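Given below, in the form of structure tokens, are the structures.
Heads up, the next two complexes both have chain A, just with different partners, chain B and then chain C.
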Partner chain A sequence: MAHPPLLTVDALHTHFQRGSETIYAVNGVSFSVQPGEAVGVVGESGSGKSVTMLSLLGLVRGRVTVRVARAQFKTWDLTRLSRRQLEDVRGRDIGVVFQDPMTSLNPVMRVGDQVMEAMLAHQYAPPRAAFQRTLDLFREVGIPDGATRFRSYPHEFSGGMRQRVMLAVAIACEPELLIADEPTTALDVTVQMQILSVLQALRARRRMSVVMITHDFGVATNFCDRIVVLYAGRVVESAAVSDFLARPAHPYTRGLKGSILEIGSRGRQLNPIAGAPPTLTAAPSACTFAPRCPYALPRCDQELPLLRPFNPGHEVACHRAEEVVDHVG
Partner chain B sequence: MMEVPATGAPARGAAIATRASATRRAWSRYRANPLAVVGLIWVFLFFLLGIIGPWVAPHGYAQTNYLMANHPPTWAYPMGTDSLGHDMFSEILFSIRFALEIAIFASLAAFTLGTVLGLWAGLQGGLVDTALMRVVDFFFAFPAYFLDLILVTKFGRGMGPIIFALAITGWAGYARLIRGLVLGMRDGEMVEAARALGSSPLHTAARYLFPNVVSNMLIALAFGIPGDLTVQAALSVVGMGLNPPLPSFGNMIAAAGGNILGYPWLLYWPAGIFAVTLLSFLFVADGLQEALNPKGGY
Partner chain C sequence: MSAEAPILSVDEISKDFVVNRRVLHAVRQVSLTVPVGRTVGLVGESGSGKSTVGRLAIGLLPATGGRVVFQDHDLSRLSAKAMRSLRHAMQIIFQDPQASLSPRMTAGAAVYDAMAIHRLGTAKERWARIEMLWERVGLPRSIGTAYPFELSGGQLQRVGIARALALNPQLVVCDEPVSALDVSIQLQIIQLLKTLQEDLGLSYLFISHNLAVVEYLSDTVVVMYLGEVVETAPVEALFERPSHPYTRLLIDSILRVPATGASRQPLTAPGGEMPSPFAPPVGCAFHSRCPLAVDRCRQEVPTLRVIDPEHWVKCHLAD
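Now for the complex of A and B:
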């Protein structure tokens, strides 16, 4: 692409220490986000989706080691920033929306104050301007009668309304990148659609990049330009949505697609992936998906498949991708 | 979600009403406890006497009248006089003031120190937490009263040293309480979201953690004040409290014990008022507990 990427991550490793065990949560994840692009990071629970993003922002806690060859956001090397500088980047240049708006907002602070707080903490605007802007943001995310709702507390809001507040907080300083960590998972389906359309509108209006972490294919494929599939802390496939839908090249991605039930597919057999994800207590030395893979060869148990270009804009980490993609099954 | 009103003006009122009703709900829970209400009235009276006492006292606290020593109550000495001819009524009024000053300043100092250190320990975790909590363990393990005696012996029996001693032995409880509450929230989503917004640890503590536990801390403070009143009196009982002629309930009660048959008013007035006061403070604290934290104990 012509522009340099907004965010480039190269070989991110995050390991947790639990007792005498090491949990290899993220094992060499690489991806990039272009300006204005929406990237969907999908994978099942424990695949390292959230930990990847939290590691980049310095938000993982506990006994943890984060190693990364390169983590560049705009012109900053995220690994070189001091704690103070990183605090400044979070919330100002990178906004974050979390899964559960019930527990993410401060229950004893008025919702309007929480939006203003974001701007005041980063000296984005003086108080009077921040107040006006809060009202504008409330209108933009679809909170009616903002002047009144400004004074409400989170418990007076429904889940959907709270998530709108979270969105307003996250975009208050006009970040260039918004990380949405399962933003609709805790909401019911009709509200999910409302939140997604608000998010879509926000994104379109400001050409903001979005990293959408989700396990919902529908959400990912509707909202995003590109999908990154994580499995056991590694990227197994990265493709534009059209390629992802039409020509999935990794057996895991195919398996995921085969295990989704769609309306109007009565009588179709569901093909769940056999087995369970690996336990992540050892660093991967072979294909982590091989034990569950219908295409596995002896080679897959010995050699770690690296993420390699497959087609333009389509990368995959599988020894047999060429055969998999053409296999009708 | 609530009905969104169409117009601004009544809606603003509605939003304020919901806020007011939270306070009103707490107050109605408090009012439902008659002991707490009676306690609050007495505590209020006690504070009032503490404030105006020095101006309404008919005699000075150090003023003696040997001709009138050990005199039963009269119009000039409404609660009688002690063996030195001090007016018991004036003594009690001044005692209220000094006792309140000591208990409140000592509790506030302990509260502040404990809150800051406990927040720090809870939020920081790791070595800071371990080290601070071992210090807290030490203060819990070491008899507080004994340490108070040592500190007062070392630094003197004035107002300042006693406040200092009570604060030193009192902070650990607040620290342990708030540290536990913070631990419950530290890895929660609210703190994670705050950090994701770029909130510094100090900012997180001041704007997110403390406001969420302030009611628990106030309840602890309400229990702490009568505790300090008791210890302050207990110091006087063994002769290590406020230096005479500064009056204190402990001094009066201890001195009266020997003359209980001859001059009972010397014991009944201070002991009665002090006992009722302690009970009232505890009832108030209990009522606050139910009103602010109806779901459970702290």
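Now for the complex of A and C:
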């Protein structure tokens, strides 16, 4: 690869203490993000997709243990940064957008001031320039009549407009990486399309990398260059979107793809994946998908499958990936 | 469609809310009928009024105008007592089963309670019925002693369904019952709802913003925008020949998983925001977002008119 990755994460573990129990939320997640690349981190609830990102950003709270072999963003080792330094990287070099803008925006602060504050806090621009830039940002994310809207409060905005404000805050200091955690999940489909088209334009214009955390394969496959699938706190598959679509190799990925109800499914037999995800109260020592897997062999209940190369640029954590793909094509 | 009288007919129903001394016309002259044993899908975005219609349809909210007839009963004319005796026949399941179950009650107690309130059977009969219901909704018997916090989203929704079924309903309003669930669990619940309908002859008013789910389950689809019905048709006609520009916008906005990397959808969206429901546009309510709007649309309110058998559209330009 010509460029070094922008972000490299190697063997991330995040465990929560709940009473006397340990919840093994993330169990050795590794991935990287190239400059300008959009990576879709896909999984169901409890897969660890959000916790992975929150752990890297130092945003997990409570009785929690985070261990990672390597977490490098540009030249920084994220594990060696102080809380202050990490706060500075977050918001300046890494922008973050969450699912629910209402809980991330300050309800008693004018939206324009919130965008300005992002720039002032990171000494990105002096006040006068920050004000002008806020108006430019509003235009860029599609908030019409910015000079008037600057003075509005979040509750005066619709869900879609609030998410645009969040985007303006996140990209205010021109981050090289934007982490978007289910940014359109709470929005209506027509608004989702608007936000994704704004995001795509931003990506193209700024050569910004995006990590899109989503449970929605439609969003991930249409927006991202590469897909990373998480199950029970582990990466089970990682591939360029074209390989992911043409030859998904992990039985879970295949099952999940087959579970998506799309227009035109009427009258068709549904094939939901049987059972439910594991409870995460023990560290994985075998394939965590085996109990639900139609291809499972005794080996799968004994031996933890590691993420391994399957094809160039395509990795999978399944003992039987080759047979699975040959069997079903 | 059969000649049998529909189980539910909603006739020109309206609902106004007063919010901060301003009147919000949340639902404006909506009509729909649910035939016995069928499913009517009600779709629209947030603020379209679809959930309000669901609540009006089973008398959980009083209407401002129009009427709801369930079987032969005009709900607005029923006494409180008569309404109570009818209520068991009209049940509702919600998007968030956690919020609709008491955190201090076991799953078994929640279902028992529903039957006790409606004085259905003896205590012994109720517990026997609960055992039967767990099996019906695909839960193990041990679920009865579990508290909501111990259950997954899919299990909670099954408990919610069991509680609705406990009262032997004939009509069930399903208000976004799978929207909060993971995709693999969504399919399990959809399958369950379909099986229950076939086995028990239930009629559904199925409210969702998810068009694929609505297409899968519904016989007829009603599309709402800003409190009004803009299109209604048998399910095949609606998806094969969507005739209102808003219906088309909704369908085109769905991101499908493409077959190959080369067939990805362009991420472009027409501008325009949902107008304030306090001040809907004059003329056609959709004209401010409509790519086809002409002068007439900005002045004259279109009427809901028939363009094909049972296919109604509220648009000047549809044909």
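As a convention for this text, the second predicted complex is superposed on the first by the 326 of 329 C-alpha atoms of A that agree within 3 Å, B and C clash if a C-alpha of one lies under 4 Å from a C-alpha of the other, contacts with A are read in each partner's own complex, and residues count from 1 in each chain.
Here is the rule we use: a contact is a pair of C-beta atoms (placed from the backbone, for glycine too) under 8 Å apart; a residue touches a chain by one contact, two chains touch by 3 or more.
Since this is a predicted model, take the numbers as computed values, not measurements.
Aligning the two structures on chain A places chain B and chain C side by side, free of any clash. Looking at the shared chain after the overlay, A:T190 reaches chain C, while chain B stays out of its contact range.
Put simply, if you stand at the Cα centre of chain A and look at the Cα centres of chain B and chain C, the angle between them is 80 degrees to the nearest 10.
When the two complexes are overlaid on their common chain A, residue A:A147 makes contact with chain B while staying clear of chain C. Shared-chain residue A:Y231: touches no atom of chain B or chain C. By the touch criterion defined above, A:M161 lies against chain B and chain C together after alignment on the C-alpha atoms of chain A.
Once the two complexes are overlaid on the shared chain, A:R90 sits against chain B while remaining clear of chain C. Of the two partner chains placed by the overlay, only chain B lies in contact with A:D100; chain C stays clear of it. In the superposition on chain A, no contact is made by A:F31 with either chain B or chain C. Between chain B and chain C the least C-alpha distance in the superposed model amounts to 5 Å. Chain A residues in contact with chain B (one complex) as well as with chain C (other complex) are 158, 160-161. The touching residues of chain A, counted against chain B in their complex, run 57, 59, 61, 84, 87-92, 96, 98-100, 103-109, 117-118, 121-122, 144-145, 147-149, 151-153, 156-158, 160-161, 166, 169.
Of all the residues in chain C, the ones that touch chain A in their complex are 45-46, 152-154, 182-188, 190-191, 209-213, 215-216, 235, 239, 249-251, 253-262, 264-265, 267-269, 271, 273-274.
Taken together, the chain A residues at the contact with chain C in this complex read 44-45, 142, 158-161, 188-194, 196-197, 200, 215-219, 221-223, 240-242, 245-246, 255-257, 259-266, 270-273, 276.
Chain B makes touch with chain A in their complex at residues 1-2, 4-6, 8, 11-12, 14-16, 18-19, 187-190, 192-200, 203, 207-208, 211-212.
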